[in-house]
């Protein structure tokens, strides 16, 4: 089962700046070899369900190891069985509609 | 790693009523033996990370088997390492604060 | 436009315990007179769109006033035009499906 | 109160393809004059709270007008009072951390 997720990991108890923790998650995601795109409020990742979810778990583990005592994550999870669809296809589909009258 | 999640599975391409699909997810959650509480916009589930995430995957699989070609899920995921906390503890903590002046 | 939301306000920069801030939001919601139900990972609120969204804004304002320098909120927002539906109807619909064979 | 949101509008009861409805939301957002960035699982928008929330409401109204009987939206909402921060600042902050050893 192929999945596209939007991952937003929020560490609590580490102060107001969380850039360091988010960067650590980016390194975990990068190391996984999965396709991903960071945006201003999360990161889109795609791939086989188990691989993507292993990355989400590894992010929580990494951020706890860095000293964050608590984490709250918001995750959107999209699957479809009618056809294969990748992150760039979703953006392209909307842009196609935007260009038609 | 103990986790408390809030799971909201939304099937697309099955019409406007999704109660049947949500009920199927409830049966998957119930069968897992994990603690859970349904509310009007999702279901809280808690337990070991891998068990809870296996249930989320099983919900997607079940809803696809029922004929939904596409699913978008919103999942909140909470972990903490400073102390053990259960769903009822979170509600009780807020209620304690509400009762103090 | 009637709306049912699921609101989860997360203050950052105030330490690991956020029960006091969540309780303050509950007081803001209670004072609004809108229907609501708290659960372990947020609060369902329903009513006219503008009234519910005014409460969400008032929660951010209140939590900032309490000293939280940063807030990240996750909000699910449901509207429908085919029929009137309330929070308890959603739960009842799922329970009806659970009781049929 | 300045806000950065991540908006993901999901129409139900319109079939499996929602690109047309998402494109209509993009037009609503574009017409608002607010800063925004689309990604594969939503759109980041920033600006004054009331302006951004008016756009979210206008998206629901527009998608209902197009015939969708039901909508479920997931919205992340970030505010901070300690300093001004824009979408590009958040991405730049993470990238700075990624470049340091």
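Here the chain labels run A, B, C and D in written order, and each chain numbers its own residues starting at 1.
Methods note: a residue touches a chain if its C-beta (ideal position, glycine included) is under 8 Å from a C-beta of that chain, and two chains touch if they have at least 3 such contacts.
Chain labels with UniProt names: A, B, C, D = Thiamine-binding protein domain-containing protein.
Computed from a prediction, not measured in an experiment: that's the story for all the values here.
Undergrad: More contacting C-beta pairs: B-D or C-D?
TA: Counting C-beta pairs in contact for C-D and B-D gives the edge to C-D.
Undergrad: Rounded to the nearest whole Å, what is the centre-to-centre distance of chain B and chain C, using the mean of the C-alpha atoms as each centre?
TA: Distance between chain centres: 17 Å.
Undergrad: Based only on mean CA positions, could you tell me how far chain C sits from chain D in angstrom?
TA: Averaging C-alpha atoms per chain gives centres 19 Å apart.
Undergrad: Taking each chain's centre as its mean C-alpha position, how far apart are chain B and chain D in Å?
TA: 25
Undergrad: So which bits of chain B are touching at least two other chains?
TA: 8, 13, 16, 69-70, 72, 74, 76, 78, 80, 82
Undergrad: Drawing the touching chains as a network, do you get a line, a ring, a star, a complete graph or other?
TA: Here the contact pattern is complete, since every chain touches every other one.
Undergrad: Over in the complex, which chain D residues touch chain B? Could you list them?
TA: For this pair, the touching residues of chain D are 10, 12-13, 15-16, 18, 69-70, 72, 74.
Undergrad: Applying the document's contact rule, which stretches of chain D touch chain A when the two form their complex?
TA: My answer: residues 4-6, 8, 16-17, 19-20, 22-23, 26-27, 37-42, 44, 74, 76, 78, 80, 82, 87-88, 90-91, 93-94, 96-98.
Undergrad: What residues of chain A sit close enough to touch chain B in their complex?
TA: 1, 13, 49, 53, 56-57, 60-61, 64, 69-82
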